[in-house]
Amino acid sequence: MGERVVFDRKELSRRQLKDYIFAIMSLLALGFGLITLLLLIIDLASTGLGRIDYAFMTNFPSRMPEKAGILSAWVGSLCVMFTTALAAIPLGIAAGVYLEEYAPKNWITAIIELNIVNLAGIPSITFGLMALSIFVYKFGFGQSILTAGLTLGLLVLPIIIVTTREALRTIPSTIREAAFAMGASRWQVIQHHLLPYSTGGILTGVIISLSRAIGETAPLITIGALTFIAFLPTSPFTEEFPFVTIQWIKDPFTVLPIQMFNWVSRPQEEFHVNAAAAGVILLTLTLLLNGAAIYIRASFRRKIKW
Amino acid sequence: MVKAEVKNLNFSYGEKQVLKNVSMPIYDNKITALIGPSGCGKTTLLRCFNRMHDLYKGAKYDGQILLHPDEVNILARDIDPMEVRMRIGMVFQKPNPFPKSIYENVVYGLKVRGIKRRSFLQERCEQSLQAAGLWGEVKDRLNSGAQMLSGGQQQRLCIARALAVEPELLLLDEPTSALDPISTSHIEDLIVDLKKTVTIVIVTHNLHQAARVSDRTAFMYLGDLIEFDETSKMFTTPSDKRTENYITGRFG
Amino acid sequence: MARPKLAEFTSANHPVRRIRRIKELLIEAVLFAAAASSVFVTLGIVYILVSESLPFFAHVSFTEFLTEREWTPLFAEPKYGILPLLCGTFLTTVIALLLAIPLGTIIATYLSEYANARAREILKPILELLAAVPTVVYGYFALLFVTPLLQKIMPNLPGFNVLAAGLVIGVMIIPYVSSLTEDAMRAVPGYLREASYAVGASRMQTAFRVVIPAAFSGISSAYILGISRALGETMVVAIAAGMQPNLTLNPTEPAATITAFIVQVSLGDLPHGSVGYQSIYVAGLTLLILTLTFNVIGFALRKRFREVY
């Protein structure tokens, strides 16, 4: 027999200490992230919160900081979000359903899947460059709400596809088998079971993607959206039949993050206050959307237990 | 009377052959039990009857399962698996009700077939639940979620769901393996009762259950059908040594 | 009971069944088109960036593009050297990663190996909010909070500098690194951990010697995603780092990244087909090649170290 390994209490307590130190370090790391988030919120709120009033919400941008407001910005954000949702939600869910429920295991599927992973890593600004060339010039959509909505829609498409697939994947195969065994067709299984049972997950993805789109700035600057907009898009309601119009989709626009960027890049401190105020609103919207997503995910998880 | 006939059935998953040249009849209004140790292919054989394997890649059938009276080979390529599943019902190992109401669960197969008439659906819902021995327990809460039911009730609901479309053949894949003894005996009584109206094939791990409920038994081992006979005969005087070893508990 | 009524529907040639089959095929075709459309987005981006860049290389040589030390495409005497922009991009990315990778990995290890399920469920979504904050808000934070804070330590730090931008980007990508790393670590099966604990290893030893090596391919994708995000981040640098192309490795100076340059040009009037217009596509193509290179490396790593449990 060779040398015996001795039980060494000192060595043990050394390892215990290391373990303990690591736990403290990781809590510090976690704390660093959370405190930064908190500082950011406090900094923004302490500067900007006081600036938010009725006039700020209902005024157009102005050369005079105390008269400037975000009316055209928040209306623009709303219109762009609507267009983004319209473009991305059906396309994203359909693609997710195909990849999870239909796609055969072949090279075409492999390429599509690899592409979606890749697409999520492509810088957002290159989407703007593509949109500038295709939507603005080739298709002649101009610097419009439509261009912005489509651009952001394509940008968030991978988020919706991936969350749709994840939501479908949590449904156990026994449910699929039960439905197929009843003679249901593939589409019936999807329509009657898979989509209803994955609503929570899909909704979460949709909200997360909208929260991403609402704060996105760079691709919209690239399509040339940073202009002085002191008017609202065409109203969707008209006097004459059919009483609604989508004329607004062709109108120029500005959005909250662009307005904020505009103000923060000016040297005057008063504009920085405006920027902070716009930031408070933007951040509130984002946090609300994310909070809603977390809540929906949790409550659906509680509702359906497999 | 023969309801269905398995003829020279070979089945493989990818490279692996799971069923080897299986042939056996399924008698009308009788209960046929498939027994054998794990991995013998009994569940695989059962899932051939409603083409469940078609849902997954790499399944390959070779041979026939003829469904009488029209003698259609349900494994044929030009037969849509959906059609097969419309004629042959299945109940799974673990109760798998849809997370919908009890009513929606029972009438699901009818709705899938495009039947919308409410009075017909309601009538059929009651009949099926009654046939599954669940009507008395749930008649006041047909619209509450199926997931509120106990495991045994859920399994009977799944049986009602399968019965609602009047299957010609009912496949049961170890229907009591996830249940407690009381629910199990409930379901066993039900199965015996059901053979008046429907032909049943049941896979079971439990030899006593096979002996209690079935009329014919097939013993399978490593993908081969070793012996097929009347249950009473198989359990008293098996003709193959392996069958004897299995039912006397020497392996499995 | 109406048995023939049901049997009717099961007949293969029944018109209802035939319509249903056609409908099924149509639906599958539509869904496939939706999935395939994502490939066209990528192809579109690549095609546009390449085709809009080609005219640029008609009057700027490739050698000048790669070796010239100044980038001033909008000046009267334009110089077209991508190096200053590449330099700014690398500098911000490296600073961001120096912060995000250690912190993200430590946090992931804690959440996966130390924290209980409840703590994890609360901490993870809160941490992920860091990635949800709009980048323009981070830009504000870098310019008007972090830089003044840093100036208290380094009084000579200019108002626009790479350091603040890089640090803020680092904070922003912590959740990208930590979430995916944690997912990868938690996917490591419990029996590997148990085997390690069973021979008397501590949590930290189990985490670093068993779990992290086993989750290597997943962790590498987390890092690659973090790198992609940092390379492509635009607003923080455009706001806080100044937009002056600067060939320097000193993080306390102002500098421009590829993305900041695109923003700067886009802010001005941009006639279709002008040199300015072409130059942002060249810049965009360079950025795309950079990110794709990292994605390919990530893909190769994942393939090579794919876990088989």
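When the chains are written out, they are named A, B and C in that same order, and each has its own residue count from 1.
Quick note on the criterion: contacts are C-beta pairs under 8 Å (C-beta built on N, C-alpha and C of every residue); 3 or more make two chains touch, one makes a residue touch a chain.
Model, not experiment: these values are computed from the prediction.
Chemist: Would you mind checking the shortest number of contact hops between chain A and chain C?
Modeler: 1
Chemist: Of the chains shown, whose Cα mean is nearest the mean of all protein Cα atoms?
Modeler: A
Chemist: Look at all chain centres (mean of CA atoms) and spot the one farthest from the centre of chain A.
Modeler: Chain B.
Chemist: Measure off the straight-line distance from the CA centroid of chain A to the CA centroid of chain C, and report it in whole Å.
Modeler: Roughly 14 Å separates the two chain centres.
Chemist: Distance-wise, how many Å sit between the C-alpha centres of chain A and chain B, to the nearest whole number?
Modeler: 47
Chemist: Quick one: chain B and chain C, Cα centre-to-centre, how many Å?
Modeler: 51
Chemist: Where in chain A do residues touch at least two different other chains?
Modeler: In chain A, residues 185 touch at least two other chains, as defined above.
Chemist: Quick check on chain B: which residues sit in contact with 2+ other chains?
Modeler: 83, 86, 113, 165
Chemist: Two or more other chains in contact with one residue: find those residues in chain C.
Modeler: none
Chemist: Under the definition above, what is the set of chain A residues touching chain B in their complex?
Modeler: 104-105, 172, 174-185, 188, 192-193, 197, 304-305
Chemist: What part of chain B is in contact with chain A in the complex they form?
Modeler: Answer in residue numbers: 50, 52, 55, 57, 81-83, 85-86, 89-90, 92, 94, 96-99, 108-109, 111-113, 147, 158, 161-162, 165.
Chemist: Given the complex with chain C, which residues does chain A contribute to the contact?
Modeler: That would be residues 15-16, 18-19, 22-23, 25-27, 29-30, 32-34, 36-37, 39-40, 43-44, 47, 90-91, 94-95, 97-99, 102-103, 108, 111-112, 114-130, 133-134, 137, 154, 157-158, 161, 185-187, 208, 211-212, 214-218, 221-222, 224, 226, 257, 260-261, 264-265, 272, 275-276, 279, 282-283, 286-287, 290, 294 of chain A.
Chemist: Mind pulling up the chain C residues that touch chain A in the complex?
Modeler: Within the complex, chain C touches chain A at residues 20, 23-24, 27-28, 30-32, 34-39, 41-42, 44-45, 48-49, 52, 102-103, 106-107, 109-110, 114, 123, 125-130, 132-141, 143-145, 171, 174-175, 202-205, 224-225, 228-229, 231-235, 238-239, 259, 262-263, 266-267, 270, 272, 280-281, 284, 287-288, 291-292, 294-295, 299.
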